[in-house]
Amino acid sequence: MAKVTELLKNRFFSGKKVNRTVSYLLVIFGYVLMIILMKAGMLTSHFTSLLVPLTSYIVIAIALNLTVGFSGELSLGHAGFMGVGAFSAVIISGLLLPYVPNTTLRLIIAMLGAALVSSLFGAIIGIPVLKLEGDYLAIVTLAFNQIIKTIINSIYLGYDNNGIQISFVKNKLNLGEGAVTILKGPIGANGIKRISTFTAGFILILITLLVVYNLIYSRKGRDIMACRDNRIAAESVGINVTNIKLEAFVISAALAGCAGALYGLNYSTLTPAKFDYNLSIMILVYVVLGGLGNIAGTIISTVILYILPEQLRFLQDYRMIIYAVVLIGIMLLTNNSWFKVQYYKISKRIRKKMREKKGAAA
Amino acid sequence: MKKLFTLLLAVLLAFGMTGCSGNNGGNGGETATVFKLGGSGPLSGPAAIYGQDVYDSAKLAVEEINALDTDVKFELNFLDDAHDPEQAISCYGSLKDWGMQVSLLAVTSKPCAAVAPLYKEDNVFAITPSGSSTTVIQIDNNYYGNVFQMCFTDPNQGIASADYIADKNLGTKIAVVYQDDIDYSVGIYEKFVEEAAAKKLNIVYAGSFQNGTNEFGTYLQNAQAAGADVVFLPIYYTEASMILTQANTMGYKPVFYGVDGMDGILSVEGFDTALAEGVYLLTPFAADATDDLTVKYVTNFKNKYGRTPTQFAADAYDTVYALYNALTAAGCKADMSASDICDALVKQFTSMSFDGLTGAGVTWKVTGEVSKSPKAVVIKNGTYVSAE
Amino acid sequence: MTFLQFLITGLSLGSVYAIIALGYTMVYGIAKMLNFAHGDIIMVGAYIAYFAMGKYNLPSFVAVMASVLVCTLLGVVVERLAYKPLRKVSSLSVLITAIGVSYFLQNGAQLLWSSAPKMFTSIIPADTIKLFDGQLTVTYLSIFTIVVTLLIMVGLTLFVTRSKIGKAMRACAEDKDTARLMGINVDTTISITFAIGSGLAAVAAALYASAYQSISPTLGSMPGIKAFTAAVLGGIGSMPGAFLGGLLLGVIETLVKGYLTTQLSDAFVFGILIIILLVKPSGLLGKRYVEKV
């Protein structure tokens, strides 16, 4: 028994890998808690409706943290990959509807397809973009985001008994019998079959954690961080900077695509306009507040910042302005040295008291 | 720092869960006449103006009804969905927790289409004042049956507009400027093109823009270069007002022809109404009509909110009154379940006839579509004049 | 002739972008932060000018000056309250705060002035000049906008190169610590930069609102992002770069909309940006710093 605890301690609770344990525990605990509450009928409908989008935002926030936190590239375009994933999944799911009646299977296929397409986009965009640095990289990712949105905006796609039809820019679909329109340009998709579930979202988060942690704690991960910290030094020790950065970027894009697939298949309507730079910025806020390179922190901050404006609904007209004030307030407080010192003092005092109590009890 | 966050997280989560037990117990009992009326619409973001109109007008109608000495009263809970399907769904959850019994669905077509399947699943009666797309009331040609519309659907207006332009010979070369990211405008535009082809109208230019556009100079320059003498605008009055102003700056003066979304243009703050002189539009509602109902409504609305109501507002007002009439006629009680009320209302709506601001003798089909017909008016001396 | 028409429309749109981009680039150069709230300062400026002209019937010049004054103050206050406490931490934290400020201004404007758009009366009489037998129509406003932008550009260049404060600004942009050692008050200099940037935003607001004659609480976000693009296109931190980038962006956007497609215009504009940055990674007129080990 002692051996097992020793092993557990070494394996999971040692040093920097604490973050990994915290992340997994947080996600599993959250899932179990939600399921129990749901089964017991204690969860409000409002809260239940937030679960699937929440899981998808957690996945994309982790994916973005891989790019911004670990690779050190400020991307303002991740919503673009999410959009690519969402619309690929909607198209795949729509086309497979008559052939794959099983929703779980269809969701899995759609998600894999979405990951494939968005990683392709990630590679196409990554190759030129990763040559740039800093704010130039930021603006180019933002530009790509807008371009992706515009491209999705101009696709018209549908099928009838004779096969699939697709047209660009102008709606030239001429569908005959058995017509189903899947994509309708800027109007997006209507009548999507909703097949995403909270459990699927939970599993996707676990897979994301697995992928990201395995990457960053591997040799490749150390290479990635070396490139982030000093590109020239990394190059001089023989790391292929472009390749390694591209790999991380593509993985991040693929995960963002999966998040998009989960998101897209959770609603019966979807518009391309949803995936503009504003969404990218919103996710960036989650990541920065949670801490660059801190995945457990990302999960926590995503939950807080996503739930907060929803729980502020009672404020009505003042909702978004209060949210803005809270956002500024949190940024100022968490970076305020006086506050940091006070916080440290208080937590130290509490810890001391706890230790004293423990001592007294023993 | 991390602990602080975790604490905040716990508080928020607790917030989410305690909501349920507190709210559900309290309804019924003391006030068995008060129906819980829910709804959502954009109260923030670029589409907020439409949501605000619906919300304010619905509030006005509810206050009037509650002041009457009858057994049907409302408690209105109208939430902000920011014209986003995602938020509309979460609003629906929130409304369900609150114990909503009847609903105004949502204001804009996209959110309407997103939440409508949930209303079907839970069998809650919903009627949207303004979600005009056909996607609001059906999915894959299966009509929900418990989701109704107060405004007329888009295709009607496209056909009526093309017919009117052809029959009255308003012009020979037609330009269309439409908004391609809302179902409303695209729906009208597509039908208009079809009907225009049937009527041998010559469409020389079609340009589309998206939400948030405020630069229309290039569209107008293109229309002018193509020699268009009629410009068809199946869009809302906010963009239309910009188009009229910018056309005037360029010195381009074709005949402008709008649809019901054009209503409201005369009351845009700072808009020079002289520019709207000679503009045609289709509308079910005119704020300066002289019938008693309209005069009373417009006066009350102006007194309360200090602005002139638009077609959105009028439709919302009618929606609440239609619900009121139907609930009264069906003999519904506020302690009935939402599902029972829904069944009674569906029967009532498909059989009743309603007289309101936006039409007399309005009826509904079993599909949820409304039957009322748009009237063509022309703006003369700053007021609507029948164009028949 | 239509080409000339589009060119002039594009130049006047580009001039507005250029003025906003100048503010963007100056703030970036000295504070090294992307001020996402810059677009919303434009929006506030437009509303102030609107109320000054419409409610208080001030002449348009006075109204614009009032708007410049309010925006300058707003810029300084925002910098002091929200950005200054974060000067020593990572630039990403400041970016998030700027986003918070942007949400705040947008939603505050909606609460104060409602989300309904208001029609803005042009600050210049809405007249046109007809050239070449009426084939080419040029609005007074376009000419006015281009002239004002040129004046601002010249004035600003003189200010930055000749005046004491301008030199202090350049010193701070180069190296804050050394500048402080030379006796420059860095905080004041940064505040002045924000003041100038916000004042320019108010001028741009008046011109922009005059061109489209409609204002709403979300007015600032698109010109804000376009100006950011223009600033990067020209080489962020470089003033002539921002000017050139703004003009180019406006012309390209108008030409694409006029000749090719309105639906894909954004894709073209951003596509050209990407191509230019790939050929010249530090923008058209940006300085390229070679990192040495």
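For clarity, chains are labelled A, B and C in written order, and residue numbers in each chain start from 1.
Rule of thumb we're sticking to: a residue touches a chain if its C-beta (ideal position, glycine included) is under 8 Å from a C-beta of that chain, and two chains touch if they have at least 3 such contacts.
Predicted model, so just to flag it, every value in this text is computed and none were measured.
Shown here, the protein chains touch in all possible pairs. Interface comparison, B-C versus A-C: the higher number of contacting C-beta pairs is recorded for A-C. Taking the mean of the C-alpha atoms as each chain's centre, chain B and chain C sit 36 Å apart. In whole angstrom, the spacing between the mean C-alpha positions of chain A and chain C is 32. Residues of chain B found to touch two or more other chains are 44, 180, 208.
For chain A, the set of residues that touch two or more other chains comprises 153, 186, 317, 320.
Listed for chain C are residues 107, 263, each touching two or more other chains. Residues of chain B that touch chain C in their complex: 44-46, 48-49, 52, 180, 207-209, 212, 214-215, 217-219, 221-222, 225, 238, 241-242, 245-246, 248-251, 268-272, 307.
Remark: chain A residues 68, 74, 128, 131-133, 135-136, 138-140, 142-144, 146-147, 149-151, 153-154, 169, 186, 231-233, 236, 277, 281, 284-285, 288-289, 292, 317-318, 320-321, 323-325, 327-328, 331-332, 335-336 touch chain C in the complex.
Residues 37, 41-50, 53, 153, 171, 180, 184-187, 190-191, 194, 267-271, 273-274, 296-297, 300-301, 303-304, 307-308, 310-311, 313, 316-317, 319-320, 334, 340, 343, 347 of chain A are the ones touching chain B in the complex. Contact residues of chain C toward chain A in the complex are 28, 34, 36, 82, 85-86, 89-90, 92-93, 95-97, 99-101, 103-104, 107-108, 111, 225, 228-229, 232, 236, 261, 263-264, 266-267, 270-271, 273-274, 277-278, 281-283, 291, 293. Against chain A, the residues of chain B that register as touching in their complex are 1-6, 8-9, 12-13, 15-17, 19-21, 43-44, 79-80, 84-86, 89-90, 92-94, 96-97, 110, 113-114, 116-117, 135, 139-140, 180-183, 186, 190, 208, 210-211.
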